[in-house]
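One structure coming up, written as structure tokens, with questions to follow.
Just so it is clear, A, B and C label the chains in written order, and each chain counts residues from 1 on its own.
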């Protein structure tokens, strides 16, 4: 029994090249009409409502971004900031310095790989547990939900310190349980990144799990029961029924994860002591911070920031395209 | 609608608005003094040492005397970590409004901080200070840039070899007389007592590592025709780096733990009874005394390459300075003089082992306390300093040398590659600083 | 979690396995938090033991005492609450207004604005530390709590607006028409009808603002330069990090103190959060 012809299409096939929205999760609420059709022209009213937000964002987001770009084109070190020396325009000089620096290229590569690994792991864990939540009774569900909320609620600083302590070579329980002796997790580049990855996944999968779970709950029960009656395995149900229906949600959580994991700062800073042995665990964010605030090379730090911004901008544009292809009205 | 067009339009508008704006770069801070208040709160930043409590006590006593002598004045002392001092102090230079009034700073940072416009020129006050006449010329040099005095010396920091007398007696060995012996002694101890590091060393302990480079005839950089050029990759320097790196390993101090350690961490390990030797300073005494190793240690000068030689020590030491931005200049200078004065220096020697910078106070201290002798002997046999250029502050804060040592001891790069990479980075910084 | 999806009433093979997996996972996920609290109440000797045991027979509050006896600790705690509270309230009100504007009105640049809000979400706040530092300096906000409130307000707004959009949209147009027919003005509709209806969404949104602000580490570290009376909790935690002699008991006790308010907040809003997220991401 096939509940919906679209639902069994492999992900991607259902929407490719068409503007048709996939079967969106229909919840109890009536879907309101798009404002483009019925919204009122309010004259100045919408701008009045928007004014506080726009003022705050212009002053504290747009202007700093502009300044970031500007500083990245100047020579701006401590001598200029407080030493009274004139600032000079460098053109693309700072970017040339950066791109010519093998260290920067290493850090860039490490950041991209690390973020990708974090995103994949977070999504895999989050989606698996969301499906698991739908298949268990109230008690285990509540237990898992509460534990996950606990992990989610843990501030990054404290999460980092706790994980560091758990994996401490001398005092931590993990090495005892795994009989690793005094293996130091923060010494090797990969093991240190793995340790940070575990912490990042721990504190960020709950968002994915809760969101996807909320989405699954919105799928009409008959659809899933039908799949179950068909004897479809969990994996098949997910792939053929849930994933296509959850596409919009999956896009949102993926992009949010990309954005968050690409910007990881506190975990690296705290767990690897500011970037690890010989800077092996630096990611762009920490690298920019060290360049600017430790070495006082504010312009190089800003250039690193601009590079990050451009990468994330590219990701966001992809996101927007995906949203629009799904017929999202924005 | 075309997505790109939608974004491009406002972005272009924004860029145009930006070009039109006249106030471009963030304004620079002049750092100039904001007056000379006679009442209010003075903020002081001092470094947090390993085992800081006795330092706090000595400082509190001096501050209490100061507050008593000045009506309506309050002093707040904050102890900041040495490792991340650069961020804190640069931030203070950047915002005169929130900067402290008096700071402690390492003598390696003097040139950089003066270049950054952070420290006030106190030449006149220093000349007029009766106690200053007894200041050791080397210490005085450490607060002087281009003939102008920018602070008051607080203590002289020399490093020497601490060793555990009980362990040495048990194993029937003598303190090493050469660097080769140092290595073999360390390994012998580790073999006999596997729970101990032979000598605790740290990949990030720059000032403990430099004497090895100097002892082998190498150096950090040389002034050639008015331009600083790194010599950290010279054959002699590389020999020193290799000698230091040889101390990392299962047979002495496992790289997995020791590569990440800084100077304070090695002292902590020795104090906790986890190492048989360590390169420590006069300023480390209190921490060692208070730990497991207390009462079971002695100090000798760090040996050089040949028998009877002493490895050239790093002429360290900390100073106190008044920030240019202070709003209480007279009070701040008074407080600096009190905290770096003879009475407080004597108390700090008692409390922490800080070697006084006044020749008379130091002589009295050494006479009373034989502990200081090996440090004085080390200083007397010749000491070295980091390149006296503002670029050094940046090189130091960018962790160029710790990274080099860490790369070598963790086996990520060989000595030649790591040293030439470090030399390139340094040369770039020297060039940028002019 | 009121109307959970039940696959079937019949006992099915595999369900027990699934439930066992869920319970084990819950335990594993909760373990770091358990270890944190446990280490906070362990006596000093047991923390330093190289044979850590997953229980303690002699719980002690010494570590907490060290944390609370720290000078100004209460002050730090209040500062953290104040900063997070201000950001949550301000961003809720501002985002509510903005979300209403972009969902219930038709005007030029509406779509452009929405895209801008979306793009603003991805701006890495750490990268902006440099210009923000200089901006806060020029505004005279460095060394004050304002330097923490303002940037976090800016960074939580775009996400809040984006999330609230779905909730505002979900309120039927008919309701608005009816309100106007009843003679309600725009302002009255906004605050007395729309606001209560959107409130669950506001709660879900505020979770994000609260967490990101409460967790702030970088700004507290960079913008509060010398006035320790303006510091927040993460700074109090860092005091216990010392070179190679970390006071783990103190760190764990401080972490516990820092985590508990967020946990309480989460548990309070838990239900609204689950439905809130479902509502926000569907549109």
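Following the convention adopted for this analysis, a residue touches a chain if its C-beta (ideal position, glycine included) is under 8 Å from a C-beta of that chain, and two chains touch if they have at least 3 such contacts.
Owing to the predicted nature of the structure, the values given are computational and were not obtained by experimental measurement.
Participant: Viewed as a graph of touching chains, is the assembly arranged as a line, ring, star, complete set, or other?
Facilitator: complete
Participant: Which pair wins on C-beta contacts, A-B or A-C?
Facilitator: A-C
Participant: Taking each chain's centre as the mean of its CA atoms, how far is subunit A from subunit B in angstrom?
Facilitator: 40
Participant: Where the CA atoms of subunit A average out and where those of subunit C average out, how many Å apart are those spots?
Facilitator: For subunit A versus subunit C, the centre distance works out to 16 Å.
Participant: Which residue numbers or ranges of subunit A touch two or more of the other chains?
Facilitator: 67, 71, 293, 320
Participant: Give me the residues of subunit C that touch two or more other chains.
Facilitator: In subunit C, residues 111, 115, 119, 131, 134-135, 222 touch at least two other chains, as defined above.
Participant: Mark out which residues of subunit B touch at least two other chains, giving numbers and ranges.
Facilitator: If we look for residues of subunit B contacting two or more partner chains, we find 3, 7, 26, 29, 87, 91, 94.
Participant: Along subunit C, where are the residues that touch subunit A in the complex?
Facilitator: By the definition above, subunit C touches subunit A via 1, 3-5, 7-8, 14-15, 18-19, 21-23, 25-27, 29-30, 32-33, 35-36, 39, 47-52, 54, 93-95, 97-98, 100-107, 110-111, 113-115, 118-132, 134-135, 150-151, 153-155, 157-158, 161, 169-173, 186, 211, 214-215, 217-218, 222, 234, 237, 248, 251-252, 254-256, 258-259, 262-263, 265-267, 270, 273-275, 277-278, 281-283.
Participant: Going by the contact rule at the top, pick out the subunit B residues touching subunit A in the complex.
Facilitator: Subunit B reaches subunit A through residues 3, 7, 14, 18, 24-26, 28-31, 84, 86-87, 90-91, 93-94, 112, 115-118, 203, 255-257, 259-260, 390, 394, 397-399, 402-403, 406-407, 410, 412, 432.
Participant: Which of the residues in subunit B end up touching subunit C in this complex?
Facilitator: Those residues of subunit B that touch subunit C are 1, 3, 6-7, 9-10, 26-27, 29, 43, 45, 48, 50, 76, 78, 81, 83, 87-88, 91-92, 94-95, 97-100, 261-262, 264-265, 268-269, 272.
Participant: Note which residues of subunit A are touching subunit C in the complex, please.
Facilitator: Per the touch definition, subunit A meets subunit C at residues 24-25, 27, 29-30, 32-33, 35-36, 38-42, 45-47, 49-50, 52-54, 56-57, 59-61, 63-65, 67-68, 71, 129, 132-138, 140-159, 161-163, 165-166, 168, 170-173, 176, 202, 207, 210-211, 213-218, 221, 224-225, 228, 248-249, 252-253, 259, 262-263, 265-266, 269-270, 285, 288-289, 292-293, 298, 301-302, 304-306, 308-309, 312-313, 315-316, 319-320, 328, 330.
Participant: Can you tell me which positions in subunit A touch subunit B when the two form their complex?
Facilitator: Where subunit A meets subunit B, its residues are 62, 66-67, 69-71, 74, 76-84, 87, 169, 182-184, 186-187, 273, 277-280, 290, 293-297, 317, 320-321, 324.
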